[in-house]
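Both of the next two complexes hold subunit A, though its partner changes from subunit B to subunit C.
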Partner chain A sequence: MLAFISARQAGLDDPLRLRRAESTRRVLSLELNKDRDVERIHGSGVNTLDIEPVEGRYMLSGGSDGVIVLYDLENFSRKPCYTCKAICSVGRSHPDVHKFSVETVQWYPRDTGMFTSSSFDKTLKIWDTNTLQPADVFNFEGTVYSHHMSPVATKHCLIAVGTKSPKVQLCDLKSGSCSQILQGHRQEVLAVAWSPRHEYVLATASADSRVKLWDVRRASGCLITLDQYNGEKSKASSEAANTAHNGRVNGLCFTSDGLHLLTIGTDDRMRLWNSSSGENTLVNYGKVCNESRKGLKFTTSTGCDPEFAFVPYGSTIAVYTIYSGELITMLRGHYNTVDCCVFQPNFQELYSGSKDCNILAWVPALREPMPDEDAAKQRLNPAFEDGWSSSDDEG
Partner chain B sequence: AEDQLRGEGDDRDGPAGGSLCANPPVPPQPHGAPPPADLQHPEGQEAAAAAGTRPWGCRRTGQTGGPRGGGFGSPVSCFPLPSPAVRGCAAPPVLKHQLYSLVRDRTAVDRQLSRLKDEGLIRLFQLGFDSDVFGVAFTQDYTAKVLQSVAGKEHAGTVRRFLETAFASCPELSYDNGRMLRDFGFRDPDITQLVNAGVLTVRDAGSWWLAVPGAGRFVKCFIKGRKAVLGMIQKAKYKEILLSDLQSRRAPSAVKLGLPYHIHDLIGAQLVDCIPSTSGTLLRLADS
Partner chain C sequence: MDQKLSQLVEDLTTSGEPQLNPEKMKELKKICKSSDEHISHAYHLLMTQLNQEHAEIRFSAFQIVDELFTRSHQFRTLIISNFQEFLELTIETDHEQPLPPPKEVAQKLKKTAIKSVQAWHEKYGEAYKKLSLGYHFLKQNKKVDFQDVNVRTLAERRREEEKQKRLDNIYKEKAKRAEKEMEEMSQEIQDTLTEMENCFRLLMPDPFDFTVNDTELDPVTERTANEDKPTSSLSIQIADHQPSLLGHMDDEQPCCSKDLPSVSPCLIAGRNRDLNEELGLPEQKEIDRGERSEAEIIAAAATDYDDYETFVRNHGLGSHKYTLNLEISTDVKVRENEDNTAIINNIIDAHKLIRNKFLPSVQSWIQLFTRAGINDGCLRCAIDFKNKLETAMEKHKEMNIDYKERKRKVMKVSDNEDDEDEFVEVPEKEGYEPHIPDHLRKEYGLEPQSSPKALAKGMVVKPALLSFHSQSKKNEEELDPTCAAATLKLIRDKLPKLPSLNTSASANPEPAASGELDSETGKLEEERAKAPIIPFGLDLYYWGQDQPTAGKILKFSSQHRFWAPNEMEEEVENKEVAEMLKSRCITFSGKFEPVKHKCRAPMPDGRLCERQDRVKCPFHGKIIPRDESGNPVNPEDKMREEKKRFEKQAEQPEWQDPEFMREVEAATGVDLGSSRYSGKGKGGKNKGKKRKYPNLTDLKQEANTSRSRLEKKVFNKGAMKRVVKAMNRMDQKKHEKFANQFNYALN
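Presenting the complex of A and B:
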């Protein structure tokens, strides 16, 4: 660390290098900390978490009972021991609360004045944060599994919604219509994700084992269907042609630079794809157990040198390096299946929600303080000092 | 990776003084899945060092009382004549997931295998019991084995023609009807002969996997052996057992391919988790 600082000071190193090295060191030392806690409000499993991208201060969580809670993650108490308090919540007594389980919540990418939530009660609600009233409601024919709004879009305000129907719906916030659909899948759409690099590129994953990349400006069809065998027809049986996985595809996540896409499927595999060519990079992560019937929400780190993927694995969280496929560690702490996790990039913290109604905060372990001899002497409380002296002269 | 396949077979040379195995110092093991220190093998890139190493370092006692034909032979010794001790179960081929147990980095194994396959040095083939499981063999060993098992039979000529044309020209796993008929001039009766000889197995209507003769008997021995070894771990208290303990046990009679072979198979297929502990590596049955 001191070497990095002095190299940066002398101009030998790029300033980004110190930041990346320290971020990576912090992510590698993630652990549960007795000083950090998240207040427990949910009475049933936590399905989804989202941290706002503007300041990284506020976190939303959605539960299986339809409750949405808003937490403040920032510690202004000047004490190391801190519980992240819930500021407000849309509870069961709220007149507009979702009737069934909330599957996805997401902050509006530009500011915290608005957030969106979608649920098994076939609705997508747009909430005003200050008044906690829904500003708009979109109704669908099938249960909504997932929705996502583009984090980099400036020219459009589309929300992509994946429902039980094979058609992906695009809802426009500006006009309030949801007339645009993307056709191509054959079964329910379990996960959708916009690319963080191109504002018009959308990836969708479906129970028919296919992952498709779309350009929403194009009317004709998808851009690419990801193929796990990269076009080699010989490797699989002919029904498995052009599939991304050998089972339902449950989760999608773009890496933070948008160049690669991670997909996870019920065949217990995770695959890394090149998002511009659709090629399977054939990185082998081993067996990534996945028993979820609906979507699995996993996340990637930002700003570290080997980037990490945090994947819920049963009741633990598995941490993999993305580009080499190595399993770094398993974070154990939850009592039941972990459903979602989200990474706070400013402090390299991980928050995870699980069926045991808890949200756990994984915080980088602190460095051991250097032993200091003068400080040790000062710490001695005068009440514990005895009257005996060590010198032989005094009586 | 190529040298690993050859290097594993040195146990056929008998208990000669043994080459020094350069097991590198093991980095601190994170929790979870990576293979144990004593099964570890230097990365495929260090092919030179790999020539002398074999599973479990230099311990000659690593082989249990299994048949001499079993265990990790090199692909040359993979297909010897079956020893009389083993009835009807030919020496086993190397399975692709067993390599994951030897080399820690799975991605490197996959990439190097596909590079060797493109160069034509090795072939992957289907064994028939799971579409995810592939056997790996050097091309010349495969050809030798096939010709030997088909020698003297009437379809030897067709098989030889297949090996020289279709097999040699495309390094793929399966062949479909159109290509066989058009490009290589095989007719339906020829294809039936190839299937009878065991060189092709049916995949779909009109397409076939590359296979190896005698695969059926091998798969039967393999599945019985795998179930027996898994049963040994299942009967243990807490369903876990130290690796050294498992190696020193006597293999049950159902295990004809040798205990080391099945241990590599279980670890590579992630049916057991390898947990480092102070008394060595612990194998625990995986949950699902």
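Presenting the complex of A and C:
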């Protein structure tokens, strides 16, 4: 650390290097911190989380009872101990609350005045954050599993929606209509994600075990259907479909640079694809336990040297290096299946939501305290003291 | 040190006791205190033990964890790092991972664990984030009520509630039905109660109504009524030693006929003088109708005796200084006679109805109502009914109605009494005549002697016919109280009624002869009862006859028509065949006699063998007399038993101590055959394991049910193999049969 700083001072190093090194270190030291808490609002499982990309300060959470809560993550109290406060929420008593489980929430990528939520009640709602009133409601024929808005789009304002029907719908916020349909999947679409690199590129994952990349300007068909065997096996039987997994594909995530795509399926596998060529990079992550019947929200780190993927793994969160597939650690803290996790890039914090109603904050551990500080800390925390009785015979 | 640590943990967790051994625990703590290294080692050991599928091991392990948790920070962090699994193993947070048996210990483990988690949370919750998370998880997701001692999960509680609700519904439904039933039945019950009440009133007026009754009824009717329903048995003891007229009539020879009529007028007079007592005479019940009507006449006359001077004179009492003690016994006794038969019948019916139908149903209604929690008029009504019915039953009991046997009563009126009349009138014969010929019997005024079978029947009908005339005449005589016949009649009535056969015997003029006859017939009867009944056969057909041809076989040695060897005997007597015609084989199986003795050999559990075999107990051999502690009484038996025991011991030489051998085996890995000596014949491995932790509850033992034993037999590898083989063979046969057909040949 000191070396990095001195090098930076001397101007020997790219500023990025210091930043990368430090953030990598911090990500590697993520742990459940007693000082950081998230207010307990949800009365049932937390399905989805999203942190707004503008400031990284506000977080949305969607519960399986239809409740949406907005948290403030920033700690202005100047104390290490902080509980993330719920600023406002769309509770059960709210007139426009979702009737059933909220599956996805997402901030409007440009500012915090608006957010979107989709639910099993077959609707997609566009909310005004300040009034907490829905600005627009899109109705669909089937339950909505997932929706996504392009984080980089400047020329369009489309929301891709994956519903129970095999057609991917594109809702245009400008016109307020479902303007476009992408046909190609055979079963429900469990996950959709826009590329953070190309504004017209969309990836969709479906229960028919396929992952398709689309260019939304081309209505005739998809760009690529990802093939787990890279075309080697499917040559033999040309009509055999290219499949990405051997089960339902329920998770989809681009790396932060948008060059690669991670998919996860119920065959307990995670795969990394080259998003431009659609090639399977054949990184082996080992078994990634996944029993979810619906979409699974996982995330990747940004600005680290080896990038990391944070993947819900039963009641734990597995941390993998993306390109080598190495399992770094398992974050244990939840008492039930973890459904979603979201990475806060500014402070390298991770938030995870689980069926046990908790949202846990995983915060980088502080550096090892100096020896002389030790005593002070001990005094601060009597709970950490050992309770051995002093006399020998008592034990 | 590590070795010792693991040994300690194992010892502590497999003790199977609810409390940890404090000595060992102290040692363990001392080791753990020495370094963090040991703590983590202990943690891993304990987690392994917590994973064991035995609640007792888990419980002990949890207790150790609890001890260490409060002492070591290191240990706390270790436990909390894996708190999910810890909760799963102790508090059963995962439904797919239930706590292992035995059930009681598991429940205890859960309870203690929840209590401990709460305590931990209070003490360390702030410092250890995951601990408080776990606590909140238990509290909010699993809805563990930390206050609830019973530690029921939400699902359990809900199930309980649902069950309760369902039960409530059922009860309510039932109660509604019962209510309807009660409505329907109430009228009936009311009617029956009223009927019974009225019957009681008829049989026995309320003691407080007597004065009213007296004034209302004219004495005559009252008198008869009183005879029917006496409320008290009365014994009058006249103070001076004049023989008691009423109470002891039975024992006394009536000295003069004058005494008799004095009875009733006295009573009547007494009543007329407002004795205010009901004078029911048990004796009077016996007075038959004829006599009573006579008494009534007198009674009617007696009403005129208003002056008691005349009364005294008329009755020859001489003075009226007699003290008259009336004892009114409280226990009521109502006898049944032909006058109150109808009433009593009614009572019996009502009583039966109440006992068999109303009371049980009312009882069940009350039960239903209380269970359903209905606390309104219905319940009160039902309880009222119950009380009323019970009082009725009580009253019935108090009445002490002496029922006649229903069957006998019917006969009695017609003939029984008449019979007696016949026999008594017969004049006593002085001389002793051993036998009276049948044709003379009429002259003697006797019925013709008949076989015992006919006797019973003849007695009933014939004499009645014969002496009808004399009887009617006699009845007339009896009406006259001054006549000796009336006295006689009275005595006769007092005489204890003997069984009809005996009466006939004693009344017989030739008691000796009849006695002889009696004994003879008795003997015959006895023999007849003894004689076996056999089906008709040839031997019976020829019973007592000599069969000339029986057992003879005609022999024709030659079939030729003309010539025959003449030296040949044509008939051959076959003894056997002859015998066969005259005799019969009857298998005699004897009579079953239940065995009264028991084996009583001492069993290993200290009890005595309860088997009741006739000769030999399948477990303990020949049954021999034994004392209370099961030792043989006879010395030779004792010797033999001793010898047998000795032999058994000798079979297993001392150096082959199974325990020792097993140890040697375990050390060397060579099978010395120790399992052969294991008493119960269990597998060596099982035995070894059991020996390892003898204090733990054996889970396998509990699984030893009839089902598991059957399973062992049915799913035995050998048995399966045999079945498969047999089925294959059958398949094969089919194949052989159709082997020449291509479609069968292939499979």
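Following the convention adopted for this analysis, the second predicted complex is superposed on the first by the 360 of 395 C-alpha atoms of A that agree within 3 Å, B and C clash if a C-alpha of one lies under 4 Å from a C-alpha of the other, contacts with A are read in each partner's own complex, and residues count from 1 in each chain.
The definition used in the following text is that a residue touches a chain if its C-beta (ideal position, glycine included) is under 8 Å from a C-beta of that chain, and two chains touch if they have at least 3 such contacts.
Bear in mind that the values here come from a model prediction, so they are computed numbers and not experimental data.
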Check: Who does A:9 touch here: subunit B (first), subunit C (second), both, or neither?
Finding: neither
Notebook entry, point to check: What is the contact status of A:282 with respect to subunit B (first) and subunit C (second): first, second, both, or neither?
Noted result: first
Next item on the list: Quick one: classify A:274 as touching subunit B (first), subunit C (second), both or neither.
Entry: neither
Next item on the list: Identify the partner contact of A:327: answer first if only subunit B is touched, second if only subunit C is, both if each is, neither if none is.
Entry: first
Check: Which partner does A:32 contact after superposing on A: first (subunit B), second (subunit C), both, neither?
Finding: second
Notebook entry, point to check: Between subunit B (first) and subunit C (second), which does A:291 come into contact with in this model arrangement: first, second, both, or neither?
Noted result: first
Note to self: Please report the subunit A residues shared by its interface with subunit B and its interface with subunit C.
What the structure shows: none
Notebook entry, point to check: What residues of subunit A sit close enough to touch subunit C in their complex?
Noted result: 32-34, 40, 315, 332-336, 356-358, 360, 381, 383-388, 392-395
Note to self: With touch defined as at the start, can you tell me which subunit A residues reach subunit B in the complex?
What the structure shows: 232-238, 268, 282-287, 289, 291, 314, 318, 324-330
Check: Can you name the residues of subunit C that touch subunit A in the complex?
Finding: 25-30, 33, 70-74, 81-84, 87, 93, 123-124, 126-130, 133-134, 136-137, 140-141
Check: Which residues, counting only subunit B, touch subunit A once they are in their complex?
Finding: 30-34, 100, 105-107, 109-111, 114, 131, 172-176, 203-204, 207, 270, 286-288
